[in-house]
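I've put the structures underneath this note.
First chain A sits with chain B, and in the next complex the same chain sits with chain C.
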Partner chain A sequence: MIKTYFSVSKISLKSILANKSSVIILLLQALVPSLVMFYLWSLILNHGQTIGGFSKNQMVIYYIGVNFINSFVWYAVDWELNDDIHSGELSNIIHRPITVEKYYFAKMLGDRLANLILLAPILIIGFVYIVARNLIHISLLVLLEFAFSLIMAAILWFLFSYIIGSVAYWFDNLFFVLLVKEVVVNLLAGFYFPLEILPPFLVKIIKLLPFQYFSSFPIDTLVKALPLNIWLKNTITEIVWMIVFYLIVKIVNKEGLQRYSDVMG
Partner chain B sequence: MNENAIEVHNLSKDYFISSRGENWRAVVKNIFKPEKTAVQAVKSLNFAIKNGEKVGFIGKNGAGKTTTIKMLTGTLFPSAGTCRVNGYDPTKRINDFKKSISVVMGNRSQLFPDLTPRDYLKLLQSMYDIPEEIFQKTVNDLAQILNVTSKLDVQTRKLSLGERMKVEFLAGVATRPKILFLDEPTIGLDVLAKRDIRKFLLRLNQEEKLTVFLTSHDMEDIATICDHLIIVNSGQIMWDGPKTDLLERFNQNKYITFIKSENFNESKLGAKIIDQDDLTVTIKVPVEKVDDQISQLARDNQGSDYQINDLKLEDIILELFAEEKEK
Partner chain C sequence: MIMKSKLKVVKSLIKIALLQTISFRLDTLFGIISSILWLGIPIAFFKVIYLNVDTIGGWTYKECLLLVGVYTMLDGFLMAFLVKSMPKMEKDIREGTLDSILLKPINAKVYYFFSAIEFTQLINSVLGLFVIIYACQGISVNIGQVLFFLLSCVFGCILYYSLWYLWTISAFWFPTNFGRNDLFLSMIQMSRYPASIYRGLGNIIFNFILPFGLIACPATIILIRPRQWQIMLLQLLIALVFLLLDHWVWNLGLRKYNGAGR
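This part shows the complex of A and B:
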């Protein structure tokens, strides 16, 4: 069975690489926000100030980091599910000898791998720049922790988005729901700015939610070099959230697929 | 071993459609208290199909044909009743069941537009766990029959509709299903592509004993391919039996079509009008009265250019619908 999902990932990867427009959009999406933030925060924190404990260098790396994470983690499976459910495309998957959620997960892996391949040159240049300018000290342990957090973030994001997308089984169109979700989750995940900028009581509440693991936690791991015990505590909490989301995915998938009514014919 | 490929008992499907409302007040009210109307797409169907049969599932738009296919393939859950396909309950959606069927829909492509048909076929090979050698041979043979060998490595979006449809067919049977479900498979295709596909299906049925379950508005498809017809109207079965029985039931009549003269008088025809426009009229006449009827029409100077035709499958189905309406 693994061979099947490996083939799905391969097809997904090939689809992205075969489409020139998606390659250009992906590169622009990754580059433009990072460059804008780089110049903006370089100007704001030009005289050694800090915001939320972030210095200029850390802030710049934070923004480059969240955009990097955005490229590799934030796969829009919720939008895809919404489209597939309402257009009836899901029927093409249901009657195949595969599991629906595993199919989308394999598709995400291929898609993310395509991103990794396309953005590799930019990443290498960025990494060399950071190391050469000595902007941040990254130990091998921190690098491993970061890589692990990134994989966990991708899985957690997939499970969360899959649940949101599955709401389409019950409602006609999720367009506005998904739009609002995007803004709220971006905010709570620390995509717009580091969560520490917010008032302490809000930070406390946000830290109880799972959204920080999509963006804020992996980048904190890298930039702040979190002590191992704190990193472990957070990772265990993340795994608990993952199990909770996985169980919810199982339930909404079972109920949703039973409810799925396709378009009339 | 059960000789039935498909068994359907009291199968029904209801859809719930929410109305939007005409004005803003109704739209807002609908958000909090949606008005839902139940539409019964399929009403208590009962039929059985033997292994290796070629079945035409016919009906008007909205008769419940596609809904029935979707229930038989496990895509939709029935509201009531049961069905067994290849001995499996489709609602369980187990992989052995999914591997035993294949679905080709004329109005929904399953190919990946950015990739080549071969990429898609390779994905199917791994999904259906078919050994490389067997799969390659099957694909090569089928591609040759369908005249698409040279198209297998061309990006799908660059193929014509006919070529794409042939590849869909190829993919549908390359997984070696026991039953092939076809929903309007020749929609929008030219005469040559239709001919290739019909020949292809007949050959597969003969060689592999493949059961074919076909819905089509193209009666030529049904007439050429199918030997068993199930005709549905408003979700209920009107006819279920061999095609030859249906043709026999209507072979005691013929249609006479002629160009109307200036003296054309409908009340003097003495036969049932089947179709009429400004120029021509078609009437239904018992076989033994055809000669007398034409002589009478000529004597009354009703028209010219008389053409006598047997009832085609399309005519017979229209007759059946008319009979049903008169009940």
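This part shows the complex of A and C:
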């Protein structure tokens, strides 16, 4: 079983690494939006002001962070599932010696690992720069918390995206459904801007939802060095969300595959 | 006669696209929701920032709102034509299926432009126009400004199209199914920020090499600071350069393209 997992991940990893164009696109995708945000926030917070508790340095690191997290966490499993269901490619996947959700998860692992390998040099240089210039305080504990949050975010993201992608079992065209999902999740996860800059009542509501764990929580762990008890409380809540999503995945998978076999035969 | 038959092809393509749009009702509904969100998020973003500062690079909230309106109007219009056709063109180049398009009795660029229109995106344009009208309240605008504004919008559209087109046809040399269009869509959003935020190297990159700052900003500037109308000349010059570049790169790409048999 592990061997099958490994094979799917390896194929996914190789297909990314084999293509030099992928490297350029990945780098541009992570760097250009961060660069623009650097210019914007440098102008806004250039006199030592803070917004939502973020200083200029913290804000710039926040945006660099969310763009890099985007590269590691946000695998488009929903778009892929939508394509595979509607093109009939799912029939090939069903016949493989691995369950559908585990197939996509293994594929995501390989893909994300490729991103990690490709972006590692930039990440290391950036990290050394941040530490050397003392832009933010990063302890070993914070680093471990951040790494753990990142892994949890990737799993939670996978489960959530898988559920959304499964809607394709019941509906023919999901282009805008997935686009709306992306915009809403980007907003609620803190990808467009830190959630803390919103009015307090909105922050309270958004913090009750699971989306902050996709992006805002891991990066807050790193930039704001959250106290251990707050980090633990959030992590436990994240695990609860994970269990809920996992149960939903089981249900939609069963019902969806039943419908798929009814339609496709 | 030839022109008439080409117009007939274009008319048929538009008809098919319209039927496709209205045949998926759930998706159309979500298309409308996405339009509202697409406009709402940058407005909320600027609103929150302006609760803390008075200007960004010399731009007030009302001016930024106008910029967001202009950008959304242009973006909605071009997204309607390109959001599905550019990925299609990229896939055809990558998978060697461009041959069938080149053999059609219509210019390939025109075919792609009209082949997969997403009418729902035009709602963005209408909403953008409403924001422009709202943000223009209190600003005195004369007929000359309106004409220059419209002209600048056309140049902005040319630049938007050229950038996406160039990025898509780079698939002749760098074929990958790895989020090429996602990257463009995330980068084009930079056009809704004032061009004056970029300093030094950023000014050269984002206003000349990747001229996102010249898509919606010049049209906005013509309405709010008419004395700076010369920016439109720069916009025209860059748009012409990119149009020529598009044509040249496309021809180079076709020479490199081997079709399905490679």
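The working rule: the second predicted complex is superposed on the first by the 260 of 265 C-alpha atoms of A that agree within 3 Å, B and C clash if a C-alpha of one lies under 4 Å from a C-alpha of the other, contacts with A are read in each partner's own complex, and residues count from 1 in each chain.
Just so it is clear, contacts are C-beta pairs under 8 Å (C-beta built on N, C-alpha and C of every residue); 3 or more make two chains touch, one makes a residue touch a chain.
Model, not experiment: these values are computed from the prediction.
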Hey, is it chain B or chain C that touches more of chain A?
-> C
Using the touch definition from the top, say if A:Val252 reaches chain B (first), chain C (second), both or neither.
-> neither
First (chain B), second (chain C), both or neither touched by A:Arg96 | first
Have a look at where A:Phe193 lands relative to chain B and chain C in the superposition and call it first, second, both or neither.
-> second
Just chain B (first), just chain C (second), both, or neither: which does A:Gly88 touch?
-> first
Touched partner set for A:Asp172, first chain B, second chain C, both or neither | both
Would you check which partner chain A:Met108 touches, where first means chain B only, second means chain C only, and both and neither mean what they say?
-> neither
For A:Met152, is the partner it touches chain B (first), chain C (second), both, or none of the two (neither)?
-> neither
Residues on chain A in contact with chain B in one complex and with chain C in the other?
-> 19, 172
Which bits of chain B are touching chain A when the two form their complex?
-> 15, 18, 39, 41, 62, 65-67, 70, 73-77, 93, 95, 98-99, 101, 103, 108, 110, 112, 114-115, 119-120, 122-123, 126-129, 155, 183
Note: in the complex, chain A contacts chain C through residues 16, 19-22, 24-26, 28-29, 32-33, 35-36, 39-40, 43-44, 49, 51, 171-177, 179-180, 183-184, 187, 192-193, 197-198
In their shared complex, chain B is touched by residues of chain A numbered 3-4, 6-8, 11, 14-15, 18-19, 88-89, 91-92, 94-98, 172, 257-258, 260-262, 264-265
Of chain C, residues touching chain A in the complex | 24, 26-31, 33-34, 37-38, 41, 45, 48-49, 52-53, 56-57, 120, 174-176, 178-180, 182-183, 186-187, 190, 193, 197-199, 202, 205-206
